[in-house]
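Just so it is clear, A, B, C and D label the chains in written order, and each chain counts residues from 1 on its own.
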Amino acid sequence: MIRVGIVGGTGYTGVELLRILALHPDVAITIVTSRADAGKRVDELYPNLRGFVDAIFVEPSADALAGCDVVFFATPNGTVMRTAEALLARGVKVIDLSADFRLKNPDVWAHWYGEPHVSPQLLEEAVYGLPEVNRALIRSARLIACPGCYPTSVQLALLPLIEARAIRLDRIIADVKSGVSGAGRKAEIPMLMSETGESLKAYSVKGHRHWPEIKQGLDQAAGQDVGLTFVPHLIPMIRGIHATVYAELSAAHGDLQALFEERYRAEPFVDVLPAGSHPDTRNVRGVNRCQIAVHRPMDGNTVVILSVIDNLVKGAAGQAVQNMNLMFGLEETKGLRNIGLYP
Amino acid sequence: MIRVGIVGGTGYTGVELLRILALHPDVAITIVTSRADAGKRVDELYPNLRGFVDAIFVEPSADALAGCDVVFFATPNGTVMRTAEALLARGVKVIDLSADFRLKNPDVWAHWYGEPHVSPQLLEEAVYGLPEVNRALIRSARLIACPGCYPTSVQLALLPLIEARAIRLDRIIADVKSGVSGAGRKAEIPMLMSETGESLKAYSVKGHRHWPEIKQGLDQAAGQDVGLTFVPHLIPMIRGIHATVYAELSAAHGDLQALFEERYRAEPFVDVLPAGSHPDTRNVRGVNRCQIAVHRPMDGNTVVILSVIDNLVKGAAGQAVQNMNLMFGLEETKGLRNIGLYP
Amino acid sequence: MIRVGIVGGTGYTGVELLRILALHPDVAITIVTSRADAGKRVDELYPNLRGFVDAIFVEPSADALAGCDVVFFATPNGTVMRTAEALLARGVKVIDLSADFRLKNPDVWAHWYGEPHVSPQLLEEAVYGLPEVNRALIRSARLIACPGCYPTSVQLALLPLIEARAIRLDRIIADVKSGVSGAGRKAEIPMLMSETGESLKAYSVKGHRHWPEIKQGLDQAAGQDVGLTFVPHLIPMIRGIHATVYAELSAAHGDLQALFEERYRAEPFVDVLPAGSHPDTRNVRGVNRCQIAVHRPMDGNTVVILSVIDNLVKGAAGQAVQNMNLMFGLEETKGLRNIGLYP
Amino acid sequence: MIRVGIVGGTGYTGVELLRILALHPDVAITIVTSRADAGKRVDELYPNLRGFVDAIFVEPSADALAGCDVVFFATPNGTVMRTAEALLARGVKVIDLSADFRLKNPDVWAHWYGEPHVSPQLLEEAVYGLPEVNRALIRSARLIACPGCYPTSVQLALLPLIEARAIRLDRIIADVKSGVSGAGRKAEIPMLMSETGESLKAYSVKGHRHWPEIKQGLDQAAGQDVGLTFVPHLIPMIRGIHATVYAELSAAHGDLQALFEERYRAEPFVDVLPAGSHPDTRNVRGVNRCQIAVHRPMDGNTVVILSVIDNLVKGAAGQAVQNMNLMFGLEETKGLRNIGLYP
């Protein structure tokens, strides 16, 4: 059994980790930390876990965590870069669901996250946990930077086209729509149901922290600088991301449907839909899956890719467990073979 | 492996059966019928099932169904009473999710369902599939009448009190709220999102078909005639039922919290919450579980029971699989140990 | 023109007052206060008001408010009882949307609101602003205590029956469902859309502050002590209250439909629906109206009354303006003749 | 008083016309037709109209309609092109909310709407009812083709940029999100709340009927052929459209904020938000208003325009009444000065 610790277990990503890991056959949840709720039963806060998680929130402590084989961090940005090195030194693997190790360039990180990076020496070692790109590296990694939810949906939509040089790289547009759980479990007026229900808005159009992360992934796939516009939107639903990605086809782009099917044929968690499909976000509600459809409106030279994930699963906790499975030599799909909740 | 057939696989109850049974380790889904969609792939209609259900809808046929060990009927009322006998005669067990065999008295059935019952001879044999009441009978049954969603939530709320003679029986009020999936997957204007979203209404206050079903169960538990008022409401959410049940305490009612905990201590799918709790329907979203809390407002002599289920799971497909597990000697929880999707 | 001040203009009740008063032909909005947002343009916070409200939030100040003819308080409980006397002394009328002057007995107030009442001398003068009961008193009042949202819906549902002695008074049950805007515009985790969306729960079953307020109104109508159970529920929608009220009919109750129609025939804002109706809360979305239907399930001796309002309009800001119209001798419906937004 | 007829009064556009016109001071609603509901009271179907609309649905008849000054058609496509000429010949003005007269080229119409246009002779006379473009023509028109909801939001977003030659015209992308009421009041499974709630999807990516309409408007503004990709999305909310429009800036584009403010300074129903704003669709819920914000992400050469309307008001019924006001020489804002419902 893998001894697992979860730091920051009271946010939506944390409870989603608990939901998945509590039923994972090879995992023992050893410690769940929360500063705010230390001393409370986990299932008092989350009654959906009653009978499945018999743990009590504790204060985070390096010694306690050192007894784990792997620790998941579902913490605010800026925490893991202060903690990871000590844990790694004691032989504990770290899977970071925050943004601390996603960007390779510490200056870019500092620009977008508003403070200097305090562990730049780990940035090179940290593996960006997108298995569809970095599977081999993940298997041998000690420190995983789990991708953001928007970056997961957009990169999976674009990788086949960029790798095949099927599109122009200077003007890619990603119009992405997210349910409100992406904003986390924080007491903020703009996330009240009275504010977000029955309404829709774009936000951070000027620039969003996931822009450099997406761009870094696309640049790497392209081997060159990519021009990307990214606009996130807040949708009146709880779970789900829908990326609508636009690019101009290059001269010799070939059969797009075949290109996507080929690229993802062996991927257990990327499902290319039949030609002409329009994925609903609900198809993947609660599961670690990305569904993709590719279109050419009016048979013109613009390609439109539709990509849906559950932001809390393939966009966060599920992908983190997928990484864990790889790191520990388990079957990649273990604990993750579930079916989306419809309706 | 149990060879399973599903008749009427295109409604919400049908697809929910597929979601549960596709991951059940002892089940092989042998046949899925649908008149309207015969010839289509199941996962074309329900893309959440891609990779899990590799079946094609076929026309229902007695011969094909006769090859099954058990057939689930997720059909409109009036179908199973015309079909069950022939299947039973060929040694196939029948689990009926419609209302055809729920009421023991064929005259009452005819009154509420608008036509004579055509298989009254089976009414006595049919077992009402509420395991918390009829577990032993279910184990040996050939024909199960699965309870309705409202009746499941209300009976589980009241059984401990009635069995213990803790309440007066002449004036019980069940104010019950349901998500819209309870109305099924039918093209009807009142169920459009523009009609049901952001709004709330009571319906069928004059009299609802689940009233005689609930009353039959309560009468049986009480061993006498019970006075019941039942008002259903339509709530702007997809899944979930919340029953709020009111009754007057009798003189010697004892400790209510202990009464409920004791009654359901051994039940795998009924979870009595700590005193003072208020269950959210989301606690049980997607899972076969009833959560219950019991209150005495202002410490007076009115007891209020709060009972939540997922109408499609403990209120339909999950309970049907729980019945199947019992009928085939499997562990009762097999294929049903999941955790509610929060948020 | 009536010079109007609004204290606490940043909550949902405050902005709803602004929406209504900005289009009221006899009103000039003179001052809008907010401690938290002083200095900001009102329409910066509420872009729906752009072009209609050209005001800036200011700090509350007695002198500034003294220049008004009437001041609406949309403040937290405990504010107005500390402020009202000084304003009244300077000739300013006060319409209080908080709970400070709703309960006549200061001990009861202290019990439910957790501190002693500091202006008990005003409790007798304050008029409970339910025009359907107190129209004459309101016309000459200086200080109005606007009813709570739940109490408005429940009292209007019961008044005809109680006044006509048509029901037993010892066991009335009010099962009431509210949209989330009733919780106000406060940064609290339980009111996030991820928490309240797609889910339903009861709350405060043990006892809710609106219970003594409803009971006081019913006691007064009955001329005796009434037995009331009140259970509020939180519904995944923004606006709307639906009260489902249960009572036992007394021997000589007469024609219930006629009773309700007669009682409310002259009321501009109470609409008794035809027999057999089930009101949707959306019928009254955004408008100062209560729609009511009365039923006898199974033609038995239980009466069920369905009553819907918009909690922010007839349950708060609209009713407050209705009171203002009466206090200033205007036509009662002025500024309030709007049509519910459907769909 | 203008005698008004409404043909097709039972859809969402029809009832929205009724909501607006019932309170319009210069209008008398003379006739409301509905084949399906002839003989029923209008307010029986739409209880929000009780006390405001005292009409009964009648069968449509040319003679009855001939007594009107103007007839609004809220009918399915293909109806008005068969009816308009006869009415016009009898001196009745026609405001068509369907698509019959939106496209100037009958071959394009036939291609997208699947049948030949039967009144091509009227296509030239018909005025496209976008007052921000065609105000003068509307004033003297007999036949108005009201713009579609998507086309209204996209054209208002782009007109300032195209007229000022501020963008490249060969690759404009309009990613547009709509609430479900845009699909109308039709009994269709995909529009059930269980299907559209809590989920998001794109649709008609291959090609949508509003594409040629938008393109016609942009081509005309540009005086040349414009390259447009248009992808509509279905959002789990009832009302509201949010257009997110992307274009590449041309060399000399000037101050974008000033450009928009200048273009719409005199427009009563287009509201350019302060720089940096992100409009919520709820800002304009229930009102005839378009709110627009213009952004340059990362200060690059892509411009992003955010444009929100209520699809049933500025996208349909409200804009139709705005046209009527112009046609009859009334103040353009008459009956339309309302404030959006927040929250």
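Please note the rule applied: a residue touches a chain if its C-beta (ideal position, glycine included) is under 8 Å from a C-beta of that chain, and two chains touch if they have at least 3 such contacts.
Nothing here was measured: the structure is a model prediction, and the numbers come from that model.
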Partner chains that subunit A and subunit B have in common: C, D
Euclidean distance of C-alpha centroids - subunit A vs subunit C, Å: 45
Distance between chain centroids, defined by C-alpha means - subunit B, subunit C (Å): 39
Interface hub residues of subunit A, defined as touching at least two other chains: 12, 181, 185, 194-195, 197-198, 236-239, 279-280, 282, 285, 343
Overall pattern in which the protein chains touch one another (line/ring/star/complete/other): complete
Complex contact set, residues of subunit D against subunit A: 171, 173, 175, 177, 194-195, 197-203, 205-207, 211, 229-231, 233, 235-240, 242, 244, 246, 248, 276, 278-282, 285, 295, 297-298, 300, 302, 304, 306, 308, 343
Contacting residues of subunit B [partner subunit A, same complex]: 12, 15, 19, 22-23, 44, 46-52, 181, 185, 197-198, 238-239, 271, 273-274, 277, 279-280, 282-287, 291, 337-343
Subunit C residues within the subunit A interface of the complex: 12, 180-181, 183, 185-189, 191-198, 236-238
